[in-house]
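Would you mind keeping the following structure in view while I ask a few things?
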Amino acid sequence: MSELIVSVLLVSGASFVILAALGILRLPDLPTRMHASTKAGAMGAILIMSAVALHFSESTVVARAIAFIIFILLTTPIAAHVIGRAGYRTGAELWDGTIKDELRERYDPGTHQLESGLEGKTEGGMPLQPSDRSEM
Amino acid sequence: MTGMFWNLLLALAWAALSGSFTGMNLLAGFCFGYFALMVLQKQVPALKGYSRRLPRLMAFLFFFIRELVKSNLRVAYDIATPVWHMKPGVIAFPLEARSDMEIMFVSSLISLTPGTLSLDVSDDRRVLFIHAMFLQDEEQLRADLRELERRILKVMR
Amino acid sequence: METLMAYVIGLLFAASIYMMLRRSIVKLVIGLIILSNAANLLIFVVSGLTRGAPPLIPEGTAEAAGAVADPLPQALILTAIVIAFSVLAFAVVLIRRAYEVVGTDDLAQMKDTDT
Amino acid sequence: MNLELVLPILIPLTAGALSLAFWRSVRVQRLLAVIATGLLLGVSIWLMRSTIAQGFLVVEVGSWPAPFSIVLVSDVLGAIMIVLTSIIGLAIAIYSLASTPPGHEKFGYYPLMHLLLAGVSGAFLTGDIFNLFVWFEVMLLASFALLTLGGERAQMEGAIKYVTLNLFSSAIFLSAVGLLYGMVGTLNMADIAQKVSQVEDPGMVTVVSLLFMVSFGIKAAAFPLFFWLPASYHTPQVAVSALFAGLLTKVGVYALYRVFTLIFTQDVGYTHTIMLWAATITMLTGVLGAAAQFEFRRILSFHIVSQIGYMLLGLALFTPLALIGGVFYIMHHIIVKTNLFLVSGITYRLLGSYELKNLGGVYRQRPYLALLFLIPALSLAGIPPLSGFFAKFVVIRASLEASEYFISGIALLVGLLTLYSMIKIWAEVFWKKVPEHVTDVSRLNGEVKDPRSWAFYVPVVGLAFCTLIIGLYGQPIYVLAETAADQLMNPQLYIEAVLGGQSK
Amino acid sequence: MLNIAINLVYLMFSLALLFSFIRLTLGPSLADRVVALELIASVVVGFVGVHAIDTGVSSFLDVAIVIALTAFLAAIGFARFLERGGVKDE
Amino acid sequence: MMLLAVLSGFLLAIAVPVLYRLAGNYIGWVLALLPASLTGYFLNLIPSITGGQTLVIEHQWMPSLGVSLDFMVDGLSLVFALLISAIGTFILIYAGSYLKGHRDLGRFYVIMLSFMASMLGLVLSDNLITFFVFWELTSITSYLLIGFNHEDAEARKFALQGLFVTAGGGLVLMAGLILLIFMTGSYSFSDILASDQPLHEHSYYVGATVCILIGAFTKSAQVPFHFWLPNAMAAPTPVSAFLHSATMVKAGVYLLARLNSSMGEHELWSNALMFFGAATMLTGAYLAFSSTGIKKVLAYSTIMALGTLTMLIGVGTEKATTAFICFLVAHSLYKGALFMIAGALDHETGTKDITRMGGLRRAMPNTAIITCLAALSLAGLPPLFGFVAKELLLESLLQSPSWSLVLVTMAVVASMLVVAVAGIVFIKPFFGPISTTPKHPHEAPFAMLVGPAVLSVIALVFGVAPFLPGALVLDAAVSSIYGNSVETALALWHGVNVPLMLSAVSLLAGTMLFASWHKLQPALDTVNSSVSRVGPEAGYFRFMLGITQVASWQTRLLQNGVLGIYLVTLVLVTFGLVGYTLLTRHGLDLSFDFSNGYFYEFGIALLIVASTVFASVTSSRLGSVASVGVQGFGVALIFIHFSAPDLGITQLLVETLTVILLVLVLFRLPPFVSLSSPLERSRDLTVAVFAGTVMTLLMLAVLDIQYFESISSYYIENSYELAFGKNIVNVILVDFRQLDTLGEIFVLGLAALGVYSMLKLKAEEQHKP
Amino acid sequence: MNSNTLILHTAALAIMPLQLMFSVFLLLRGHDEPGGGFIGGLVAASAFVLYAFAFGARPTRRLMRVNPRDLLAAGLLFGLASTLPALLSGQPMLTAHWWQLPLPGEGYLKLSTVLIFDIGVYLAVLGTLMTFVIGLMESGE
């Protein structure tokens, strides 16, 4: 039984991975490829690790598999966000079929300022300060 | 308070990683966690009211995994079939989330959900720009995103 | 598999040498990376490949279960990787400084010191 | 427990780490430099005495039995090399007090110097082929860093060549170690030697031995593998050049001596003949290279190549006398070549250039410095009764004894051309008038004095003294070389010392 | 059955590697290559997981954890390069 | 005592700076005390030597090498030692006056004394190697003396020339001496002379002889190596006087005489000596006659004398040997005197050109008298010792067992020229109309005349009483050269015989030549200048130029500065050697058996291959970097797949960090551009493929071979039991082979240091004010 | 350009402690399972690299408080210190020493020169890598 579940988990995980791979191969532009790779890749890895956890069924292995999943969930979207943002800002071509781009008009490539379009409106009396933490 | 929370979490994670939940090991984890936090002291933003969040967290996890599978399948379907069904685009999504941690979690979870990808946050941190793969029904998408954000904030606040 | 790897490693050596012979300093560095990978793999392969038996002693036992992979070359390669990495980090910064100081990334133009 | 066998590695390592820890205090680093190298000299003499008394010293590092542990071994050759290393180390440490630019001192010159010495010492003492690789790399990285310290354009250009070609050598070395391990399953050199000698079909051993030959040949700067040396040795500040000139290539030579007497003696007719011709052409190309140069340090650099040829000739002829000659040559050369570089640094300080055309008038203003140049210069050229004469005499005698007349002839011609180069320097730097376009002669005239300028002269005098000693009081030195060569010719002694009861 | 699944998964991963590598070579933008590199890291994770099951050695899991914790740094590095206006060469 | 006698010169040389400060202008006199007392010491040895004894004094030096400070005194060495110390005494006195007030007088004496001591050591050494040591020392010290006026480019050039020729010959001599050691099995002259081994039959004989002759000929300025000697006149006159009278140039002759009894009596030896000696004699005489500078004239006449001496050794009869010794002594006396006089003339008139001197006898009467004596001896006129020597010379040549007629003819021609030379040296400056010279001439100071005077007087005494030197020491000297005991029985007057008639002829002809010297000069100049274009000196300069040209050509070829070419060379050498050896010593194990691999392993291999190829061919830097990252992943997968998890982790981490570093650095670097031509690319590709192929073949060959079991079983068995660790790789790293790891972290630290200084040092310096 | 987003900043703060913790974990159990000082040090370095990427070089220096170079020196000295017990007790160089310190409750704390050495490796690796990265970032990228 457990072997069956392990097998199913493995194969479905691998399917996600191969879909991700197919996705980045086939999809027409950077953001769409990222949709495929980031999520499906992570999903695949998570499923495989679940299979591993189940297969060994030892506390140490399970614990590590959980740790792995937490780490993947934390790091994958960050990487995706950073690349996506950088790719977009450096002018990666969007697919012709893109129907909308609300970011383009608010982004100034010269100053790299990105407006929200809500400037001047306050909300709930909260002062809005751009983050001052970065130095560089 | 916040430091204590993280510290405990780290201690647990330590024990989980090493696979041994003995008292000694938890203590060791606590120590190393403390060490790690010490390094970060100044930078960790305040977090409060941890105790209320655990049940909400559970509920949220359930919700999220469902979303994850659902949208994953949708993306998978489009990739696997020869014709593109997608209508991608970038939308500006006004944020409810305010603190750094909230914004990070919201954007991360949106990114993790297939079909949506957080590209950027406006300089005043009020709008999240999201690349969505399926903009066939933008209103529905916005509603879904808002629901996701609401649930996250519920866990975090 | 060793046989196949012999060909792969031959290719790695060839590629690294080809890259090191380019005139661009960046390619030179890439050649160095490939070269160290090639040498490490060579040690790994010539001392014998073993599948699925890492040189670890399982929990609760005092001896390795059955035949395990030869740990010694692994230790050597680990050392070699670290050393190669150190060297590489140095080389990477070196080419950057060289580019800044000399003003070209063309190795053929860096021949003032010899003649 | 042979402490004296361990300390030559530990002292410079510790001094390096401590200098690093005292990064902010150049004064402490300076003090440490002299103390540590002084200690090293003391320990090396202790090591030499013990080695002579016991024949071989062996430490099984970590108390694990050989061949499973890394062993440190000192035979007479190793002890000789350690003594030389420490002499050079002390000389350079003192010289550096005066010569090192403040920026260099602040950016790790002293730790680098210590660690270079550590790498060199480790290479001389280890009895393990992979550990040898590690020490080579310690030495190499230290030399990389020293070579680039200062960041001048020439340094960068030279360093790229130096780094690339040396890395190629390291990769070949590493591959060769891997292949050898694949064949004999061990890393301990004595164990390898013992096993290699039992191999029935030694063809593959010969093949692998050539990889070692090439790799060490690059480190030793033998023909046609020497390009990195003349490309780079004249680029760093002079104390670094001197340190390199004295020690680095000799580590390659030492490694060749070690493996081609201990391990790879199964096909001497082939391997050593290749080396013989390489040695001969090395002598010749090096000296001709020098003849074409008109820059003080470049001339000296090419001569390193040339003299490596003599040393290799000693090994390649592979007779007891030839090995004596080779070992003697190494001893002589390390001291003399370092000293010449140090002198070049002083004339640089006096006149601000290494170009012969910008130098002159030193004999008039500094006759004692001129004498201090003449001693190593004439020694290098093999003029009796200086150290170089006996070194060359033994090597040539050995080659005549081996009926290698052509090679002896080349060796003699090279001696003459070496003299020519030294005389060229002498005539241009010392005898010639200060050229008219050189306007700043305030240092030469003694109008401007450097702080700590005594530190320029102390090592030069000391090394010149060593040169004189080796020449005038050469008997003990010769006996030392004889003992070393005797041990090299009888690898069984080494094997027994390292493996004890295990050797068959 | 598990064995079949494992071999199947190996096959799928091999294909996945191939596809992502093709994207890496095709680009066209650096970001595309980086995405491909990221995916390859994921595939390696998968490989490691399957290999752990295949060989019954759980220690391989640590490899996966290390990849999860560090591989994304390369992507961040590349992104940083792009955003700070590094010399592009596509 | 003997050791002290030899080394005292060196010791005194060291003390010169102090003594100079104490003695000031009298330094010459003070220093001369040493050679004077040495003269006394050597004179003191005469009785025991004439008694047929050979003194051998032994001192250890490097016994293992066969080098000892052994000294031997027999007749030959004693004659030389006496000449050196006696003439040296006068030279030192002379120099103090000649170079009075010269800023480098102290340095001069240091070198001069060293030279003298070296020369003494040379003639007294018993040990072959010690002999050679002193031989080379004379070359070096004479180099320093010739280049004494070192700020003059000519002086430097000719000093180098002298050194190059003599030291070059010296090196050849070294080979010859080594061969001689092989032949005789002995390191000492005394053993070699005492043994009656037939050296001629030894297979090394020819080689050794040729080498020794070359050494001796270069040192003694035999044709074709003679050209350096006149050029050495760039030296101050005291040096010339010493170098060319008694000493350095005679070192070669000394060696020939020393070895004559062992190596002679062979056609090669005697013919070579006769041929080169006669040629040198004639050449020297001719060139002396055709020169105008007084020092040049004397120098060339020295060459003539050296040729004569060599020729006489070659003739080798008892008579010839006697003639050799007499000629040697006579020449030393008159040449020493004449050089010092030449210096005095130069010093007092300010010119060296004889054609600008005339009628000096009035201003310098004492000088004229001394010159007269010396010149008579030079011309070989009675009653001076030069006459005795010349008569003996002609007589011995007439009795020569071979080539007698040729040699006699040449000797007569040479004597004829020498007579003319003597005329030039004596009559030209001192007689005839008074010429105006740069300085107003007056008599030279006492210190400068005492030497020539004493030497000339000795020549006169020896001429009048030739039995005196014979009884003193010449007999013994002749015996040691000839190998048997000889009684010379010298006499001034032998009656009217053939030699006397020949002398008369040469005197007559010489006088005529002298008379027409002025008229002949232009013709001689034409001849000389056309000969000099093809002569040996031109050959020397061509050789030197050739060295420089070959050197720069070779350096341009090898050290061309192009890293690519260096690397190609290295790669070709490495893999050429290895490949060739593999084929010849092992053979080819070409295998395509991939059957034991799983398909996904092929996948990983393919990934590595593809990423490597792409990294190498892409035109995108960052693509290349990313591809290298993929390659690293592939390698990590191999590690993981084949049971090396630690390696896998490390490889992944390192690869990631490498990519990060590269990206950080590439920020500043320009994109790839295609720099090399298709031809270069295909060359590089060929080289690379060749290397890769050899590496593959090598691996395939090694894969079959495992001669011995690995030592790893020890680690596997004891990792937990003894080292308390379960990760065997880690236990090896931190315990079994901890020293490797210790070295490794220092490598890391060094890389950090290097990087740190490269990045920061410049910036820091720029911040300095 | 401001390359750092709020998201990256925040994420870095969240991920970094996990990495640091994991690195210590790898260090300590390296003797029995994959890991060890080198791997641990590399992971720790990645943590700081992440921080540096998010916040820049100078804030990373401030965060670390210790100069990476001093960290490196400490690592090297730790490595050398592990040779001391053997040296002082007259055993061959680098002979391992093990001490078991009883802890409150059950169990012992196993201390050894091997552990000291591994900590040295960890620190040296961390120091080295941070020298590389911070140096490169500071030198006018």
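Going by the order they are written in, the chains are A, B, C, D, E, F and G; count residues from 1 in each one.
Here, a residue touches a chain if its C-beta (ideal position, glycine included) is under 8 Å from a C-beta of that chain, and two chains touch if they have at least 3 such contacts.
In this text the structure is predicted, and so the values were computed from the model without any measurement.
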(message) Quick check for you: compute each chain's CA centroid and the global CA centroid, then name the chain with the smallest gap between them.
(response) D
(request) Between C-F and F-G, flag the pair that has more C-beta pairs in contact. (result) C-F
(message) Using Cα averages as centroids, what's the distance between chain B and chain F in whole Å?
(response) 85
(message) Could you work out how far the Cα centre of chain A sits from that of chain E, in whole Å?
(response) 14
(message) For chain E versus chain F, what separation do you get between their C-alpha means, in angstrom?
(response) 69
(request) List the centre-to-centre spacing of chain C and chain E in whole Å, with centres computed as mean CA coordinates. (result) 20
(message) For chain G, give me the residues that contact two or more of the other chains.
(response) 1, 3, 5-9, 11, 14-15, 18, 22, 32-35, 38-39, 42-43, 46, 49, 69, 72-73, 76, 80, 83, 93-94, 96, 128, 132, 135-136, 141
(message) Residues touching two or more other chains, restricted to chain D: which are they?
(response) 13, 16-17, 20, 61-62, 130, 134, 137, 141, 144-145, 148, 151, 160-161, 164, 168, 175, 179, 181-182, 187, 227, 230-231
(request) Give the residues of chain C that touch two or more other chains, as numbers and ranges in rising order. (result) 20, 25, 28, 38, 40, 42, 46-48, 51-54, 56-57, 72, 76, 78-79, 82-83, 86-87, 89-90, 93-95, 97, 107, 110-114
(request) If two chains touch, include that pair; go through all of them. (result) A-B, A-E, A-G, B-G, C-D, C-E, C-F, C-G, D-F, D-G, E-F, E-G, F-G
(message) Considering only the defined contacts, which chain G positions touch chain E in the complex?
(response) 1, 3, 8, 15, 18-19, 22, 26, 33-35, 39, 42-43, 46, 49-50, 53, 141
(request) Provide the residue numbers of chain D that touch chain F in the complex, in ascending order. (result) 13, 16-17, 20, 61-62, 64, 67-70, 103-104, 106-108, 111-112, 115, 118-119, 122, 126, 130-131, 134-135, 137-138, 141-142, 144-145, 148-151, 160-161, 164-165, 168, 172, 175, 179, 181-188, 191, 195, 198-199, 203-204, 206-208, 210-211, 213-214, 218, 224-225, 227-228, 230-231, 267, 270, 274, 285, 288-293, 363-364, 367, 378, 383-385, 389-390, 393-394, 396-397, 400-401, 405, 408-409, 412-413, 415-417, 419-420, 423, 427, 430-433, 474-475, 478-479, 482
(request) In the complex, go through chain A and note every residue touching chain E. (result) 3-4, 6-8, 10-11, 13-15, 17-18, 20-22, 24-25, 30, 33-34, 37-38, 41-42, 44-45, 48-49, 51-52, 55-56, 58, 60-61, 64-65, 67-68, 71-72, 75-76, 78-80, 82-87, 89-90, 92-93
(request) In the complex, go through chain A and note every residue touching chain B. (result) 15-16, 19, 22-23, 26-29, 31-32, 34-36, 38-40, 42-43, 58-61, 63-64, 66-67, 70, 73-74, 76-78, 80-81, 84-85, 88-89, 94-95, 97-104, 106-107, 113-119, 123, 126, 128, 130-131
(message) Help me check something: in the complex, which residues belonging to chain C touch chain E?
(response) 51-54, 56
